[in-house]
Amino acid sequence: MATEIVDIEGHIVDSLILAKVLDAVVAAGGDYRVLDLDLGRSSRDPSRAAVEVTHTDPDRLRALVAELAVHGANRRHTADATLAPAPADGVAPSGFHATTNLPTQVLVGGRWLEVANPEMDCVLVVADVDGAAAARTAPLHRLRAGDRVVVGEAGVRTTAPPRPPGPHPFAFMTSAVSSEKPQANLAARVAAELVTARADGRRVAVVAGPAVVHTGGAPHLAALVARGLVDVVFAGNGFATHDLEAQVLGTSLGVALGPPGAGGGLGLAAGTAGGPGHSNHLRVINEVRRLGSIAAAVATGYVTGGVMAACVRAGVPFVLAGSVRDDGPLPDVITDVVAAADAMRAHLEGVGVVLMLASTLHAIATGNLLPAGVATYCVDINPAVATKLADRGSHQALGIVTDVGLFLERLARTVEDQAMPA
Amino acid sequence: MATEIVDIEGHIVDSLILAKVLDAVVAAGGDYRVLDLDLGRSSRDPSRAAVEVTHTDPDRLRALVAELAVHGANRRHTADATLAPAPADGVAPSGFHATTNLPTQVLVGGRWLEVANPEMDCVLVVADVDGAAAARTAPLHRLRAGDRVVVGEAGVRTTAPPRPPGPHPFAFMTSAVSSEKPQANLAARVAAELVTARADGRRVAVVAGPAVVHTGGAPHLAALVARGLVDVVFAGNGFATHDLEAQVLGTSLGVALGPPGAGGGLGLAAGTAGGPGHSNHLRVINEVRRLGSIAAAVATGYVTGGVMAACVRAGVPFVLAGSVRDDGPLPDVITDVVAAADAMRAHLEGVGVVLMLASTLHAIATGNLLPAGVATYCVDINPAVATKLADRGSHQALGIVTDVGLFLERLARTVEDQAMPA
Amino acid sequence: MATEIVDIEGHIVDSLILAKVLDAVVAAGGDYRVLDLDLGRSSRDPSRAAVEVTHTDPDRLRALVAELAVHGANRRHTADATLAPAPADGVAPSGFHATTNLPTQVLVGGRWLEVANPEMDCVLVVADVDGAAAARTAPLHRLRAGDRVVVGEAGVRTTAPPRPPGPHPFAFMTSAVSSEKPQANLAARVAAELVTARADGRRVAVVAGPAVVHTGGAPHLAALVARGLVDVVFAGNGFATHDLEAQVLGTSLGVALGPPGAGGGLGLAAGTAGGPGHSNHLRVINEVRRLGSIAAAVATGYVTGGVMAACVRAGVPFVLAGSVRDDGPLPDVITDVVAAADAMRAHLEGVGVVLMLASTLHAIATGNLLPAGVATYCVDINPAVATKLADRGSHQALGIVTDVGLFLERLARTVEDQAMPA
Amino acid sequence: MATEIVDIEGHIVDSLILAKVLDAVVAAGGDYRVLDLDLGRSSRDPSRAAVEVTHTDPDRLRALVAELAVHGANRRHTADATLAPAPADGVAPSGFHATTNLPTQVLVGGRWLEVANPEMDCVLVVADVDGAAAARTAPLHRLRAGDRVVVGEAGVRTTAPPRPPGPHPFAFMTSAVSSEKPQANLAARVAAELVTARADGRRVAVVAGPAVVHTGGAPHLAALVARGLVDVVFAGNGFATHDLEAQVLGTSLGVALGPPGAGGGLGLAAGTAGGPGHSNHLRVINEVRRLGSIAAAVATGYVTGGVMAACVRAGVPFVLAGSVRDDGPLPDVITDVVAAADAMRAHLEGVGVVLMLASTLHAIATGNLLPAGVATYCVDINPAVATKLADRGSHQALGIVTDVGLFLERLARTVEDQAMPA
């Protein structure tokens, strides 16, 4: 077990620096103990903390401590910086110290030199200027062979970033929902959560929007329902209608879902008007209205596959809440929105995981009803939905910005693979 | 071969109505002959056209002609509308006529009745009002058992939509890049295009952005390169750096790409600082600068997988164009942007297909250089890129709004499957 | 009145080329007569058209005809191309011909030379290659002093772009809703539309979302209502609640709307709990529930300003349609969504202009109910809403991508200015 | 000066709870002293803190302490909850306690009752169940006249939210860049910052993208430059070209900027080809290339207004960094991107405020070069840019999601008003 002590100073609580440091330690697989904490009493006083960081792997600990410099946390008991010559023009020595954009100092000959021009992703060069050692940043291309470059983390310290001006530091923070993060791998995390919830006895709610059907995700969601991994489905008239339309007519909002068999069961009933059609959804709604309910449509064989049929067969309850833009609507839709929210409330007891799939209205409605701490995954190609959820108080929602159809395909496959051993 | 004649009248050329009708016919697998066309001479005169529509399947023809009503194209020689009673409250008779939002008339007793209140996705009800027949739209829920409802397409005609006010009707049109369309199935189309291009001797160019790596798509793109389906790669310092970083350190922009083996080759070189790290990309750039080129990095075994290595091994040329935000940059990057564009021009002869993957800057640069008519697919989670391409004159770009990592995974799998028989 | 004849050939109807040409003529203030039209009978035959273009200003006509080359429309009876020497390295002669990305030919010595490498935004250079004249494009930077460059439009012709592969050319088109267009000036157009509608007797409906209040637009919308320019308001519980909250407590969703007086009337009733507060909206809802209606809240003086109060005072009806995410709701909200849509239908007769302001759900609901041809302006910072409206059949919706608060401020100011003369 | 003590318990540092509490206090105009802090030593131990909150206004303090319940911070020394009867069905008594979604307890008869079903935006009802008092949440509509409802904050406590599962709590946080916040008022804040910077001797850098011109913001930015409020401008070929094009030809990217005089100076030079034109920008570039520089174009009177001319006249330096998509480019553009970044570095000394206006590439490039702590405002209609800046380490960037043209108009007006007294 390798150990280092790092020191931090500044507005480390209200600027979130201490929280970020502790988070980085845990994220890297390490652990920490807070040795000393001298918290500024008022909002004007700076604070100080010493944190002992441990890791089983000394190499990982070294990398982790280097990373903490981004937050202004510095290794204690530091020795003089190690200097090595640049091996060629534009090339730094191996193991060079990579800079942050924080105010930085370098220990040379026992004296801390202020770095003249902080800039991220540069190296530190120490040179004689007017007979005295001076430190500056340099981008790689400016290095000349023989320049003395700082190597490693020893002898370098940074100052924690200043508190941003104004009252709201949170307004300056990064968001979870950048689409440039490896979102796809999150399918594995969500799959594990579903399987664990099943084992723990936590109930799982799914909120689904029409794009689940449009993007070809419905068969995969139906598979999850059939597998017993979903306890209740919340949706609107649109999702249910298009799920049924995909089964009966092979289209979603009149758009063909690709070659037969690809997008859904495609039980193209004889005599039904086929072809692309703006009125397909209306014909399906009308027929289900005639039959009286979705359950009746399944019982009579009008609908043979898809998410709604999977719910009916597996006995999974669903709440379809109406909205003012609905066509029809389907007979199962609760058209009074206050009654619909009450119906959703009745199914929330014991829910520990919520999967929100390409839904805005019903996702926010569900978020309003949930207690804090329910694990919530919000899958949408548009990052705005997760932001809206958080803005409205559902801080626990993790935004997964991706194509919901491809995500569900991978989620279903992962669950299949994970369940194999059992 | 079934045949119907439809009539259209109005500003059918400058409001695109005729084009939409012909497009709808072809899209549904039918064919057309323009029998008569009386084009308004000036911008103030309406036009008239008669179009003969044919289809091998009479049922599909019937559905297609019904669909054309959306554009104000009406079946000729129409008989009185067929009326059938609503079988129950809130339920329409089977085969009911579904309305558009256009001005509509119904032929009853040989007289055309104007529909009082056009509204889309309703049914048409004919009733006696003050002793005379009158037609109105009704949403499903307002029907009462016994209401006389129009069934089928006979005896119903619509008027082509008016020219939108102002000079720019195109400003009122639908866009290609809605994320609610079944984008995932487009992978099959792109796969077919790549395989056909190979057979036709058309060259294929790929433009790639860093998110290809961040989202886990790099191994799949590398597979396409290794298979010989890509002739040239255009990218920037960011894409190449993160592709190499993923191979050498298992991270992309310092973010771990999931469990080892999932996101890249993960040839974690002994002695290399591992762990998450904001400076990982800088270390890789520095080492490649030391070695002199990406080709040298592959030759020495520093890089063993990924897209850039696949290019080097398969002899596929690449152009890395610099940008002002670059770190390093890699020695292969052409830092003079005018020279970089010239280098790209030198590779465009014979290019017939371009795949733009999560790239904005390099995608638009490539679009600027391409002749019209080159098949261009723009895959991005953000619809804005395809819109920008079109705004700048690359009208042939088809926007595919999806997760680029999951899309490439499916594209590679589809190509694999299609190539099997050979 | 200056006149030119242009010829077009290709798939000019189904690829929209003819429509674009006629649109460009009208947009530039010119007029046209279609002299000849030889329309391909089937979908496989190309078509030909000759169009006479006129403009009162010969200079504008010349610029317009040059512009038509973008669509492959060429001036008839063309003479040899005019050539002029490049005055310096990297500089073209004045009046140079700027290229499109279409296949291009240049008439030199009575012979049409094919341009080797079409590329947009270049110049055309004619040079001797192996004893024969040859034409190629060159970007500006590649010109050398003395190079012979084509000047003006004579002797240059382009070929209309090929029909994009696949059945849906519309999928390849530009969108209306790019945020890079000068959206702000559209305020003047909307203002004129509102004033004209008042004069014409067309009724004006406004659909408003909560962001109208959050962004500070409510006082400006209230001014339009007070001026008598709005005939009916459609909204939800959220908009009405925040409009009232802004008046009573000076906040919107608990966020202070800036310095007192800036965002609303701020009638901070004595004894009311002030300060930022997540429960502010709930307190306002509860009080209006106690009073019984928004009209009662205005009558008792609980609410003194804002959009809802302006409606009550001006006798402008409003429909508040419930949704499943609503808190409370306000007593005026119609919680049954089918009844709410019916209530909206009852107000649509005679509506000729609809202004959709930062609303998604209620905007789409309204779009579903409207007859085609109603002028619809959809103002939102997110281009997705206008795209959704168009996808659902409201093709007449013009997307204005801008900040709704700043837009309403400018709209109200413009209306004020326009109304001055009266 | 009113005072209250609040207690917090849980993972209050690494889940950011303490930081949020302190932030909320400062944001509300209050102040704090941390009385006790018992920090969990390791990542598994919960922590405890007592915070003294003060405010000059007792009413504001009461509202503030009520607000802190959202974070699980509870008033100390609490008495029994006050209960009041609901005055009517669906109506709560005045001053009712509004719930959060946290685990909640109510003190009744000296005993803490656990609230059965936490839900946000509800009221708390205490009733006898099987002979014992029990507490539950109720939405307003479920209240019945006479129900005993908790009023005020006394006797209610919440538990801090649990640490989100997984290593990255930051991934669960709200973002700064929601477009639903009152962004427009931020113009006042930015105006104040610019004026203060001038007074403090901090230099101001502006990074501008082409949409500044397209949206009509250029004249307002030029006014800021002319007023001496800008010290250096960073941009690319596109911004400079369209700024000049707007002046010389009255268009931007060939699109007319509205009625003459509205969008720019519109010095339509005699003899210059007018009208809409895809080649307008190219003609302007060519002429400036002929003249040799933007400064020469101003000196010869070819360009008389706009941002670039304002810079030339006021002696404000600018750096135009090339990119691979550039047409031309203008002679002032630095086409080597490494040299361009070095040129930008040379102007950053002393820069204390950066305004990034509708720019992605140049904004991120600038962010890469800036030391931490420089006040950075990122104005864009697309929230993605601010998110990208933060993802890349420019945590201090405040995203302002609005229409840049309208924003600059208001900013210039505000600066004008503020400067009046001087």
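Assorted remarks:
Labels A, B, C and D are assigned to the chains in the order they are written; within every chain, residues are numbered from 1.
Throughout what follows, a residue touches a chain if its C-beta (ideal position, glycine included) is under 8 Å from a C-beta of that chain, and two chains touch if they have at least 3 such contacts.
A quick note: this is a predicted structure, and the numbers were derived from the prediction, not measured.
Looking at subunit C and subunit D, the chains in contact with each of them are A, B. Chain centres computed from CA atoms place B at the largest separation from subunit D. If each chain is reduced to the centroid of its CA atoms, subunit B and subunit D end up 34 Å from each other.
The distance from the centre of subunit A to the centre of subunit B, with each centre set as the mean of the Cα atoms, comes to 27 Å. Rounded to whole angstrom, the centroid-to-centroid distance between subunit B and subunit C, based on C-alpha atoms, equals 21 Å. For subunit A, the set of residues touching two or more other chains reads 27, 70, 100, 120-121, 139, 141, 180, 278, 327, 329, 338, 341, 368, 382, 384, 393. Those residues of subunit A lying in contact with subunit C across their complex are 278, 321-327, 329, 335-341, 344, 360-362, 364-365, 368, 382, 384, 393. Residues of subunit A that touch subunit D in their complex: 13-16, 18-20, 22-23, 25-27, 31-34, 37, 39-43, 70, 100-103, 117-121, 139, 141-142, 161-162, 164-178, 180, 189, 338, 341-342, 345, 348-349, 368-373, 375, 383-384, 387-388, 390-391, 393-398. By the touch criterion given at the top, residues 27-28, 59-60, 62-64, 66-67, 70, 87-88, 90-92, 94-96, 98, 100, 120-121, 139-141, 179-185, 188, 210-211, 214-216, 252-253, 255, 257-259, 262-263, 273-279, 282-283, 285-287, 289-290, 327-329, 381-382, 401-403, 405-407, 409-410 of subunit A touch subunit B in their complex.
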